[in-house]
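Consider the two complexes below, in which chain A is the common component and chain B and chain C are the respective partners.
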Partner chain A sequence: MSMRKLLEIELFKISKRPRTYISFAAISAIVLIFQFAFKADGENYMNLMLQGINDSFQLDKQHAMNGYFMCYIILNTLLVQVPILVALVAGDAISGEANMGTLRLILSKPISRTEILMAKFLASIMYTIILLIWMAFFSLILSLWIFGSGDMLVFRVAGEVSQIMQIAQDDIVWRYLAAFGYAAVALTVIVSLAIFFSLFAENSIGPIITTICIVLVFTIVSNMNIPVIDKNVKPFLFTSYLVGWKGFFYIATTEDGIPIKGSMENIQSIQSSLMILFAHIGALLLTSMYIFKRKDILS
Partner chain B sequence: MMGQHIVEVEGLSKSFVSFQAVKHISFQIEKGSVYGFLGQNGAGKSTTMRMLLSLIQPSSGKISIFGKPLKGNEKFILSNIGAIIEKPDTYGYLSGYDNLKIFSNIFGRSTSLVALDALLEKVGLKGRGKDKVKSYSQGMKQRLGIAIALLNEPAFIMLDEPTNGLDPQGITEIRNLIGHFSKNEGKTVLVSSHLLNEIEMVADSMIILHKGEKVAEGKVRKLLDPAKTLVSIETEDLQHSMSLIQESLWSKKLIAQNELKFEMEKEEIPLLVKFLVDQHVAVSNVQSNHSLENYFLKLTNS
Partner chain C sequence: MNNVKIPTLLAISALFVLHASAQDVNSLIKKVKNKLDNIKKYEATGTMKTSIAYLKIPIAKVKIQYKKPNELAIKSNNGVTFLPKSVDAISLQKIFSNDFTAIDGGTEKVKQKILRVVRLLPTSQQSNIVLSTLYINEADLVVEKSSTTTKDEGTYEMDLQYGKYIQFGLPDRVTFTFNAKDYKIPKGLTLDFDNVYPKNQKIDKTMLNKGKAEIVFQQYAIN
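== the complex of A and B ==
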């Protein structure tokens, strides 16, 4: 049996489960609420963001609050929650089958456990990608339609320094494509983690909650600004690299502070973050395969 | 004969952390036969069946199916096996058709509605293919499970407690189906049950498992031979009686070390009593029971 056929079966099963659509509904609802709120009261938000720098930086607020800017704000908020939505499906991959009793049925067919695990892994990634495309449509395309386009402002807080960067309109789309690509890799770590926990449970609640808890705790630690944690803990937490997509919007500037089109401030940092995320995926997947191949199916 | 055996199991054991589920059992299943696994819940039946399907790794022992070692030949062997282990669980949120399609695809078989309908008709689910499985009764789920087990036209079918939860009509239908597989289609069937009469009605040979150990094995007709009887005799002087028996030909029928317990044909009982009386032994009680049934009842009541 080909991997393609197996993948089709897994995608078919995912598509038929009601919980699959919770994530799509949640994303749509959150994005629409954001867009409504900004359409109704966006100027106050801009004033809040620009507090203190209004005097030195003259901005056309109406133009600044465009679709690109909206999408950036939405992604900043949503990409913390999306791992939870991804865990809903990936955490169910093996444990859900064990709970239904279908795991022993599948594994008594002539398919290797590695093939089954890979098919479930790939199906979960495809689900994640479709979820990201859905998110891109709502947060970018719909926002551009509602708020229009223009140059994009990026607010950045690095330590105690607040910074505003401006990216030219024709220099934005590739950054979003790259950011969504990066997010897909980052979310694949969550998929791998949820599938890993899914191997040990006979219902999907355990792996889903465990994955969510790990993501939440690690995210909180990753956001702590304590020197000892910065140095000794954060580099080892995958959550420190989940927000690496922002790096695509940190544009390099000349000595005079003029943004350089098509540039990134620290491409090495993005590359090393991606490497670390891929290493996490590889390690989790290989460990999962090793365990799954030796696991006694008692469910 | 080696070639006539679909399954050959030798010294199979399985230990979990806290207990040993299967203890060094060996058996062979003849091609085209219905082989029964009899034992209480927890006797090791399902664990053994799971090991035959590679769901559980044996701690020790050898399994050969279709003349090939299971280890390393899983794909070939599992391609030719149809199985239901414990409950016939399928995807409840999908229809009967969708469930069949998924497993047809796995086997690379036809997923045409005509082919699936023919299969559903065979197991008595005609006209219910479009319904979600969660709306099925236990009996219908069992039938769908059998339909899935038959998708690959297997040479060897394993059914773990196939009549569990079924009404009397359903039980009869499953029994007839098992008979049909063996007699009309030449398939080999391994069926497990905790009920002696279930096995008695469908199986040609059987193995009795108790706490992971094989306690009896053979042709069902022979094991359940009504002529074979377990006889217990009580006498005034056990030691003297025992020594008399040990010195006689009756010792061959003795099945206990320090009790006067024998397994023999019913007609032999008066001869044994006469022998003891002729030796001036005062016989105070004689009890006889059907041997295997009694033994199994003793196990299940324990």
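== the complex of A and C ==
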């Protein structure tokens, strides 16, 4: 059986599970709630972000609260939750089969275990990508339709410094494409992790909960501002790199503080974050293959 | 008798000199004001570069509209533009619109030119301006530099450069320095995890509370 056929079967299985659609429904609901809230009372949020600046500067806040800005706010909030939604499907990949007793049946076919695992892995990635496209449609396209377009403001806190960056309208779309691409890689780490835990369980709750717990605990540690943790722990947590997509929106500036179109402040940081994420994917996938190949299938 | 006469004469002479100097300054201010008063309205296009440590914003294209006696509006074509609130102070007509007492501050060498320093003290208690110091080019009857202290918006300074519109008293370039509040937002609002400011970025901490707007006028349509 070809890899393509295997992948089609896995995608068919994913499409038949009701839990697959929970993620799409959750994303749609969250984005729509955000959009409604900002349409109704977004000025208050803008005032909160601009506290201190309002006394010194005038700004057309309605114009600033455009679709590009909305998408950034939504992604900033949502991309922390999406790993949970991805784990719902990927955590079920092997353990779901074990639970239903179909794993032994599949493995009795003339297909290698590596191919089966790869098919499940690729199907979960495809599901993640479709989820991201869905998210892009709701958070970017729909927001642009509701709030209009314009230059985008990015609010940032780095160390002790708070700053506002303005990105020209014609310099934004490629950043979103890159950010969604980065998010796909980051979420593939979650897929790999969930599939890895899925190998050890005979029902899907265990791997899903374990993956979610790891993501939550690591995210909390990544958020801590303790120098010892910053130096010795954070670099080793994949969650520290999940928010790296924001780097595409940290525009480089001239010495006078004028943003340079098409630039990024720290491209090396994005590159190294991507390398670390790919290393996690590779390590988890290879370990999963190694374990799966040697695993006694008893269910 | 002679002992009394000499100080009295000196005092009278000093008063005379001061009065003459005040008259000079008043007449100078009147000439500068009259030059500006010839303009009923103008519309200018230009660019505005706003610099303050926490803002990383592009140079904005702006339209400046003025209407007598002292209505000045600065609008941006970009949509999202940070306009310093006190930027309308670039209109010198605003300073001259108040009743004031002019005090001669002598001359000072600024930008390789000898300029007359005139301090304007508003006579009204209600005026937002506390003190304005103008550096006037007596030959061209234009203000080349000014410093204004206000009750509400702190002190702002202006540096004006003139070119082809000097006969109207309108500058080609204005550099406006103003006070601003520092900007701090909690990390929880931005969900940023970076704990250090990127090493390749320099931050001028002296510019956290001081902003600068540089307006370059490209074309005026006068009256």
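To be clear about the criterion, the second predicted complex is superposed on the first by the 297 of 299 C-alpha atoms of A that agree within 3 Å, B and C clash if a C-alpha of one lies under 4 Å from a C-alpha of the other, contacts with A are read in each partner's own complex, and residues count from 1 in each chain.
To be clear about the criterion, a residue touches a chain if its C-beta (ideal position, glycine included) is under 8 Å from a C-beta of that chain, and two chains touch if they have at least 3 such contacts.
All figures in this text were calculated on a predicted structure; none of them were measured in a lab.
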{"item": "Overlay on chain A: chain C relative to chain B, clash or fit", "value": "fit"}
{"item": "Which superposed partner A:Thr102 touches (first chain B, second chain C, both, neither)", "value": "first"}
{"item": "Partner touching more residues of chain A, whether chain B or chain C", "value": "C"}
{"item": "Which superposed partner A:Pro110 touches (first chain B, second chain C, both, neither)", "value": "first"}
{"item": "Contacts of A:Ile214 with chain B and chain C, given as first, second, both or neither", "value": "neither"}
{"item": "Partner chain(s) touched by A:Ile74 [first = chain B, second = chain C, both, neither]", "value": "neither"}
{"item": "Partner chain in contact with A:Ile172 - chain B first, chain C second, else both or neither", "value": "neither"}
{"item": "Contacts of A:Leu284 with chain B and chain C, given as first, second, both or neither", "value": "neither"}
{"item": "Smallest separation of CA atoms, chain C relative to chain B, angstrom", "value": "40"}
{"item": "Chain B and chain C contact sites that coincide on chain A, given as residue numbers", "value": "none"}
{"item": "Complex contacts: residues of chain A adjacent to chain B", "value": "1, 5-6, 8-9, 12-13, 16-18, 100-102, 104-112, 294, 296-298"}
{"item": "Chain C contact footprint on chain A (complex, rising order)", "value": "48-49, 51-53, 55-60, 63-64, 76-77, 80, 150-153, 155-166, 168, 222-223, 225, 230, 240, 243, 246, 251, 253, 255-259, 265-266, 269"}
{"item": "List of chain C residues in touch with chain A within their complex", "value": "49, 51-59, 78-85, 178-187, 189-198, 200-203, 211"}
{"item": "Chain A partner contacts - residues on chain B that touch it in the complex", "value": "16, 50, 53-57, 74-76, 78-79, 81, 83, 85-87, 89-94, 98, 102-103, 105-108, 148"}
